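Next come two complexes built around subunit A: one with subunit B, the other with subunit C.
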Partner chain A sequence: MATNTETAETIRSLTGEYKYGFVTDIAAEQAPRGLNEDIVRFISAKKSEPAWLLEWRLKAFRAWCAMEAEEPAWANLRYPAIDYQNAYYYSAPKSDADRPKSLDEIDPELLATYEKLGIPLREQEALAGIAVDAVFDSISVATTYKEKLAEVGVIFCPMSEAVTKHPELVRKYLGSVVPYSDNFFATLNSAVFSDGSFVYIPEGVRCPMELSTYFRINAAQTGQFERTLIVAEKGSYVSYLEGCTAPMRDENQLHAAVVELVAMDDAEIKYSTVQNWYPGDENGKGGIFNFVTKRGACRGRNSKISWTQVETGSAITWKYPSCILQGDNSVGEFYSVATTTNLQQADTGTKMIHIGKNTRSTIISKGISAGRSQGTYRGLVKVLGGAENARNYTQCDSLLLGDKCGAHTIPYIESRNRTARVEHEATTSKISEDQLFYCSQRGLSQEDAISLIVNGFCKEVFKELPMEFAVEATKLMNVTLEGAVG
Partner chain B sequence: MPSLLEIKDLHATVGGQEILRGLTLTVEAGEVHAVMGPNGSGKSTLAHVLAGRPGYAVTKGEIRLQGKDLLEMSTEARACEGVFLGLQYPVEIPGVSNMYFLKAALNAIRSHRGETELDAIEFLKIAREKAKLLEMNENLLQRAVNVGFSGGEKKRNEIFQMALLNPTLAVLDETDSGLDIDALRIVSDGINALRSETRAILLITHYQRLLEYIVPDKVHVLSEGRIVKTGGKELALELEKSGYADFEKKDAAAMTASA
Partner chain C sequence: MNETIPLGREYMERYPEWREALPGNDLPWLAQRRADAFRRFAERGFPTRKVEAWKYTNLNPLTKKLFAPGAGLAATPGALPADALDEKSVHRLLFINGRAAPGLINGRAAPEATHALPDGVRLMPLSEALETVPDLLAPLLAADAEPEEAGLLEMNTALMTEGAVLLLEPGVRLEKPVHFFFLTTEDAGEAAMHLRNLLVAGKGSEATVFEHYLGTGQTGHWTNVVTEIVLADDAHLHHYKLQNESKAAYHIAATTAKIGERAVYDNFAMSLGATLARNDIQARLDGRGIDCRLNGLHLARGHQHMDTTTVLDHQKPECRSSETYKSVVDDRAETVFQGKVLVRPDSQKTSAHQLNRNLLLSDEASANAKPELRIYADDVQCSHGATISELDEQALFYFRSRGIAEDVARRLLTEAFLAEMVEEVKDPAVHAVLHQAMTDWLGQAWPKGGRP
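Coming up: the complex of A and B.
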């Protein structure tokens, strides 16, 4: 509490003119509850940000204040109103002294989940936020990969570091795909974003390894408002893996992230996500409210952006990873598995905006609903007048487990070009008694049978995931759906 | 030494309607029995009750497999104890390869028996061997379970599964239905090759055509949920000539009398 008072005082003293770097000696870990311009200034100051970035945050904050009535209500989601003034917007990583010292201090249920997922002990420690001492194996791993990336000129660092070390790049691209005024949650993120990843792949470079946020876990614990920016220059390639399969045991927290991707001529970005935030308990208590804006711009000719997501966590998911297909012949892909159980709700899908000629997009969405959950696919395919020969293929399949859940498919198709071809296929099915009986007659337990059938249903998406991720995703589905059918 | 399969006074209902009404049947190890009967006589119900399908309620009687009470066991426990049901309409499982499905099944059964689980390579070796027996194209092993299979391929796949899982009791429900003459020969050859001193096979069929290829030790006629006549292979030929009408009439008369 003492630190909070101290922080509050600092904020008071900050009111008025912003002085760069003024608060660096403050030991506070958390800004007081609530959101106002001073909090935005405080966050920026804590990160020693340049003036342009503070200005950008403030513009976003002011825009957000004017958007109060614009919190999206169109999604097929029901949740109590979020009190934005009752949340904390800045919380620095705790010092090692406050963290759990060993796995003995971690919730055993959490550990059981890790174990089922086959996450090695060392990783479990890192994921659970245990203070990592100098002998932690990852340190050497981290050093090796940093050297390897530096050799080819790839930049991969926390966003806050990029702001300081590569300000020209950040300034050029930040907000260039998702402007600060884009939507309620993205605008909030722009005002208060905590950290995130920055990736820059120079021209002609094929990133020598798959980049994963996991490598960065120890470097910076990202907050609920992370902001990620990936820029792939001409002819480059990168595969980025986001998230880990560890549940976050936070209560009903707001998570509003923004991800921006930029692909130049002949560049390709593959972005894979496995999202397993805490979904709340079986009565719908707790869980993350996940409002995420992800968008990629295929700026260059022949560029390609591919989103693959496996969404199993969060109490509420609101997420539409999109592609703006600007460059001629550019390609956008969206492969998604969204699973909801208990009282989870997901409204997720994509937007494919065809602007350039011969642009192509593919959407494969698999929704699995169990318990009393609701899953909605919402997708927009928009073909603008100049998008000669644009092609889209969309396939949405929903699988229902039990008879108290819901699956909804809401496609929006707008085409302003006669040469465009847009296809949409959708199915909804239940795991049939016939399939379950067939499996159990061959000796499989009910749970194995369900996991077999569900994984078969998701196969088209799982095969798009990098190898290790695919294995994790399969295990995650099994853990998620355990006991989903009685 | 108990019989391999012993069914006593079995009564079973489906959707509240009594289908099996006091069925008694004993099959010894090494034997092949055919159960024949008109539509609605309870042939498929018998097959599903043996396998323990949910929705089929046994109201009276008992079923013993090598002396063990089958009715006490779940569907998968029966499968692990060696009950195999070849389905009349094999089920499709999209996205799951035949190999993956069967490896999971075989390993579930092996671990129940206390045997070590097979890895992919060991499994593939056995699977290829058995596939040859059924003249199955190897690409059917890689494809999703029964998805896009022709009727004949599906039935062949059932017998292929039987060959792999090596059951104690195989119940084959209308395995001959929908097969052309070549497919019937291949499937029958496969079944004949699987006859064994330690196994019993129950062929459930409407027509005697199948029995020209697989010669049974005994033929039972099922009518109105009871075995009404038992004989040797010649009984099937007799049925072929006279049809089931005799049995049905007799039964209908008995029912009217008792009503």
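Coming up: the complex of A and C.
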């Protein structure tokens, strides 16, 4: 703690203006570089947050300061030390004047990728961050969606809006799955989170449509410290989609998101992610550092949480979507495809904590490494003493494309209950000559053959994705691995 | 919690005195290696559970009190415990409470025993080897300056007092197994025995070694054993280990094997004894075409904690490795398996397969598994599997539906689970001992029959 006060003071003396507390200076568009209590207050004030939330952020910030030495080093990731004091923690959304004026100003390579993915021109503009007219199609679509959702009582809004409109719900559930002091990155997020989604599904409601960040107004600028909370009351169901297949550019290199899911009795949450942040160029320059804490609590009996992720972007991925299976008969699922190319590094997997009786979990993880990248599956299956008849099945397969990359599998399996049945299997290999020969014998080019085999390898996961996503994911896989195989 | 627990002050104070009494203290190279190792260990201390390789095993009990090296313990047992190993069927090197019992090699006078060995074979206690053939040991013993995952290895180097040395010249074939018999009696008390074995097999040589720990008392002593193995090209070594220390003892073992081209190394370890047992195996596959098999069994009950941690390091192409480890866990016991398979860049055409299966017999038993694949080459076939469960309900039902009593069925299924591994042991003399140990254990688990 002492060192941090010192650091904060040093920064204060260097920047001068801090001393007089810009807390009151609400007009500032961007917080100065660095992180200290004033910045946390500033963010909170900017969002006109209630006192309890500011207090919560500050608690998190203080916990984070005490954790300074605890930045996780156990992951199989190599990256230069992050200077947390040399980053911006708040910046208002870019004004239209600062944005690129038209697609002509956008990196042609990015446009080529959009083209391959078949993204309509209008959407390309939105994705590339071009200022668009107010009559942008999807906004009107979104409005219609909102009306429909309101009819059935589903709350789906930005977190900042939820804090004002539904403070009792946010207060009750925020940090209840991922406590503010959970881990280094989650704690940082708790202190400075920018925005994210808030979803509340009332009792017995089956959400009439798939909720997607894509259709949420303001979604474009959620920022680097996203905070999402989804609560599914008794007997409800929701499917939530995060991200999109198109590559996303972001000026901020450090991302630390937190996602919390709560499922009550008989509720089901399906959370699908396609992550395609900028991975850096072929020499590993640039790219997003993505440190995500995602956790779901199956609080109720017969509840179910299912994570599906397709991870192709980011220079560094550190992400372990987990399920705490508290309720009896609850079910946790994790389906993942993680692809790394060039110099990307991914250390991702899941945790399944079996607490309740008859809890079941399934883990299907597919890792594809190409170029000079390193992909790691890291997972924990833990069966506590009371988890009678718990059941886990884990399958982790890794595919290596090229001899310069690495694929690693590190599962932790702990069982404290005799009646539990835990099974894990993993394989690592490359595409066999036989498979390739079979395809080329039937007239497929090498590239088509590889794409066919890779997509077959991922099929078990893709079939868990909502249909539109699955189609895009298949295309995305082809684009990602294009040229990766020689 | 810190990453390490510092070495107690008493160790620091008394080390100079202990060092004087250690064998080979007059050899400068050895004195230097011991001093370096002690300094490094004193700097680092005992690993805690914060160290990844010790995540599931707590060495705290070993740091709480001083285990003085058991020098000067009487090496005169009563009668040797009856076991199935007929002395005529093995070359035996006997140690009692960590000291060589020279008068009892092969149950006869030492010279006679040595004469019985074929030419090109040296078999003797470490203390004797340091006196008679120090030059042979210098390039081999504790020669790895800074081992990667050291654990307690350096403490062992600093304090090693005795052990078995087997040196095979190129082309030698030993027909009978070599029996390293470490016996502890009631006299062992709370002593520490820092044992060091050295097995060196020259090009194309072949031998079977049976490393055997037996505790006849109830003592809470600590065996800290390191076995260094060097296999030259085309050598074959079948290495069996039975750990049946007293139930209160601590047994921390580390085996490092450096394996040359086309060599075959076969390790089977069965753990029954000790309250805390750790068996570390690091195999470095340092040549093409190696065949390496690591297998083992934990039979744990009471409050026993048993940990097997292996590292299979594929450093060269075209090697095959396979591992199967099984645990049967009863009462409140806990077992651990951590198996790392590392395939280095360019180690193409590697085949590495690993399996870990755990059977929980009681409600309080627990098992932990951490298989790990680290693959840096692409043309490989690697896999691992791990299961933790109780006996298969369907198999039990099959027995019950044929009129077999439940405890009989349970015993038979457990026996089948274990025997599958024990039956792989080729040497008949060693097989007999291991089989007997397994049968005795099962007999205690189902004392009221469980026999068809």
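Please note the rule applied: the second predicted complex is superposed on the first by the 451 of 486 C-alpha atoms of A that agree within 3 Å, B and C clash if a C-alpha of one lies under 4 Å from a C-alpha of the other, contacts with A are read in each partner's own complex, and residues count from 1 in each chain.
What we mean here is this: a contact is a pair of C-beta atoms (placed from the backbone, for glycine too) under 8 Å apart; a residue touches a chain by one contact, two chains touch by 3 or more.
Predicted model, so just to flag it, every value in this text is computed and none were measured.
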Practice item. In the overlay, answer first, second, both or neither for which of subunit B and subunit C A:455 touches. Key: first
Check your understanding: After superposition on the shared chain, which partner residues are touched by A:405: those of subunit B (first), subunit C (second), both, or neither?
Key -> second
Exercise for review: Check the residue A:434 against both partner chains and state whether it touches subunit B (first), subunit C (second), both, or neither.
Suggested key: first
**Study point:** Touch count on subunit A, higher of subunit B and subunit C
**Key:** C
Check your understanding: For A:443, is the partner it touches subunit B (first), subunit C (second), both, or none of the two (neither)?
Key -> first
Check your understanding: Which of the two partners, first being subunit B and second being subunit C, lies in contact with A:355: first, second, both, or neither?
Key -> neither
**Study point:** Overlap of subunit C and subunit B interfaces on subunit A (superposed complexes)
**Key:** none
Revision key, fill the gap. In the complex, subunit B touches subunit A at residues 51, 53-55, 74-76, 79-80, 84-85, 87, 90-96, 100-102, 104-106, 108-109, 112, 144, 161, 165
Review point. Along subunit A, where are the residues that touch subunit B in the complex?
Key: 432-435, 437-446, 448, 452-453, 455-460
Review point. Touching subunit C in the complex: which residues of subunit A?
Key: 74, 383, 385, 398, 400-430
Practice item. Please give the residue numbers of subunit C that touch subunit A in the complex, ascending. Key: 52, 345-346, 348, 358, 360-390
